[in-house]
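Letters A, B, C and D mark the chains as written, and numbering starts fresh at 1 in each.
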Amino acid sequence: MLTTIPQLTAFIQESFPEGVSFGSIEEVGDGWVLMRLPVSDSHLRPGGTVSGPTMMGMADVSIWAALQTKIGPSPLTVTSNLNINFLAKPQPVDMLARARVLRVGKRSGVGECWIYSGSEEQMVAHVTANYSIPAS
Amino acid sequence: MLTTIPQLTAFIQESFPEGVSFGSIEEVGDGWVLMRLPVSDSHLRPGGTVSGPTMMGMADVSIWAALQTKIGPSPLTVTSNLNINFLAKPQPVDMLARARVLRVGKRSGVGECWIYSGSEEQMVAHVTANYSIPAS
Amino acid sequence: MLTTIPQLTAFIQESFPEGVSFGSIEEVGDGWVLMRLPVSDSHLRPGGTVSGPTMMGMADVSIWAALQTKIGPSPLTVTSNLNINFLAKPQPVDMLARARVLRVGKRSGVGECWIYSGSEEQMVAHVTANYSIPAS
Amino acid sequence: MLTTIPQLTAFIQESFPEGVSFGSIEEVGDGWVLMRLPVSDSHLRPGGTVSGPTMMGMADVSIWAALQTKIGPSPLTVTSNLNINFLAKPQPVDMLARARVLRVGKRSGVGECWIYSGSEEQMVAHVTANYSIPAS
C-alpha cells in the first residue's frame, strides 16, 4: 500500500517522473491526496496567470496518486479520459490540488480534483478523470 | 492576422511561452494548424509512453493556435474547458497534433485536435476544447 | 429572481418543457437545487438500470435551474458543454439530482450535479456543464 | 454480428428501449451508423431549438449502436463517460447523428458522434463517449 507521503512521493518519482514537475504531496489519506505546486515564472502566462497545461498536469498526477492509495503500487495505470473546467484566473501564488477517488473497480477508476490558488478558499479549476487499471 | 508559420510561432513565444515546450508549428491554414513535438526522454513515462500532461499541453496549444488564425492576435483568449480521450499508447517517436476550429463566435470558440504518434496513421488521443474570447 | 419552488417549477414548464419529464424541484436555494425523478418503467434499461439519457437530461435541467436562481429568468441560456461520468448502476428507485453553480459570469456559467439513487448516500453519476448566457 | 439495419434496430428495441425514442438507424457499416430523428414538437425548446437532452440521447444511442457492430450483441455494455459540445442551434428539422468507433478493446470502447440539423452540412454538436464492455 502507498499510504504515507514518503512512499507515495518515491513512487511518483519512479513511475511518473514528469509528475514531479507538477508539485509535491503535502497530505495523503485513504483515497485522497493534497498536492502543492510552488509557482515559478515558467508556469505563468501573460497577465500572471498559471497556464492550463500546468493545471491539467497537476490534476492528472494528483488523481493518479489518489488512486494509488487504493490500488497501488500500479505503475501502469493510465489515464483514459480527463475533463477540466477552468473557473477563475489563478493568482501568481502557490497552487493546491485536492484529489479524491470517486469510484474504483478492478479494471478502471474515476476521480475528481479541485485546484485552488493560494488557499482552499479560491477554487480555480475542477477536473474529473478516468483511469484504466491493468490486470495485475 | 496570424496566417504564416513565422507569425504564429512568434506569437506563441510571446503570448503562451509554456506552449513552446509542446512543439513547433509545422503547417498552418485558415482555422487549423499542425504541430510536431520531437519526443525527448523528459516526456516519457514507464514503458516508453509519452505522458498524459504532454499530450494535453500539446492539444491545448494547438487548438489555441488554430483559433488565433481566425481571431488573432488575441493573447488573452483562455481555455474554459478541455476534454481528452486517450486511445492508444504512443510510441517513443515524434508526436503530431492536428487541430481545427469547430465554431468561433465573438465571445467563445470550440476546436478539436487529433494527436498522432509518428505519422497521421496512428492516432493516440482526441481532444475537444472551449475557449473564452475577451472583448477586444 | 427565481428562488421559490413554485416560481422555478413554472419557469421550467414554460421555458424548458422537456425538462419536466426529468423530475420536479424538491428544494431550492441560492445557486443550487435538488430534483427528484420518480422512476417509472420507461426510464429503465435491461437489468433494471436507469438509462444514461435520463441521467444526462436530469443533470442538464437541474444545473440549468440552479443557474436560474442566480441569473433568471433567462430562458435562452443554453448548454454549451456537458460532461458526465457514470459511477454505479442506479437501482430501480427514485433518482435525486443535487446541482450547484460553480461559477457565474455575465456571458457564461458552470455548474456541477451529483446524481443519486434512492438517497444521497448512493451516488451514481457526476456531471459538469457549461452554459452560455445571452446578453440581456 | 449486428451488421444490418433490421438486426441492429431489433437489438436496440430489445436492449435499449429508450433508445428508440431518439431515432432510427438509416445506415450501418463496420464500426459506424447513421441515425435520423424526425423532430416533433416534444423535442423543441423555446425558439424552436431541439433540446440538449435529445441530442445527448441521440449521441449515446448511436455510438452504442456503432460499438455493437464491432462487439455485439453485448446488451450490458454501458456508457462510462460522455462529453458533448454544442456548436450551433439546430433548426426545427430532422436531426442526423453519424457515429463511429475510435477504439475498441476487450473491456472498453470509445466513439465519437457528429450531430447535424437537416443535412450533414450543418453540424450542431460533437460528442465523444466511453463504454465499459462486460466480460462475455
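To be clear about the criterion, a residue touches a chain if its C-beta (ideal position, glycine included) is under 8 Å from a C-beta of that chain, and two chains touch if they have at least 3 such contacts.
These numbers come from a predicted model, not from an experiment.
Among the other chains, D has the CA centre that is most remote from the centre of chain A.
In this structure chain A contacts its sequence twin chain B using mostly the same residue numbers, the overlap exceeding half.
A separation of 33 Å divides the Cα centre of chain B from that of chain C. Centre-to-centre separation of chain C and chain D, using mean CA positions: 22 Å.
Averaged Cα coordinates give chain A a centre that lies 28 Å from the centre of chain C.
Shown for chain B are the residues in touch with two or more other chains, namely 80-81, 83, 85, 110, 130. Within the complex, the chain B residues that touch chain C are 80-81, 83, 107-108, 110, 130, 132.
Within the complex formed with chain B, the chain D residues making contact are 83, 85, 87-88, 102-103, 110, 112, 123, 126, 128, 130.
For chain A in complex with chain B, the residues that touch the partner chain are 15-19, 22, 42-47, 49, 51-54, 56-57, 60-61, 75-76, 78-86, 89.
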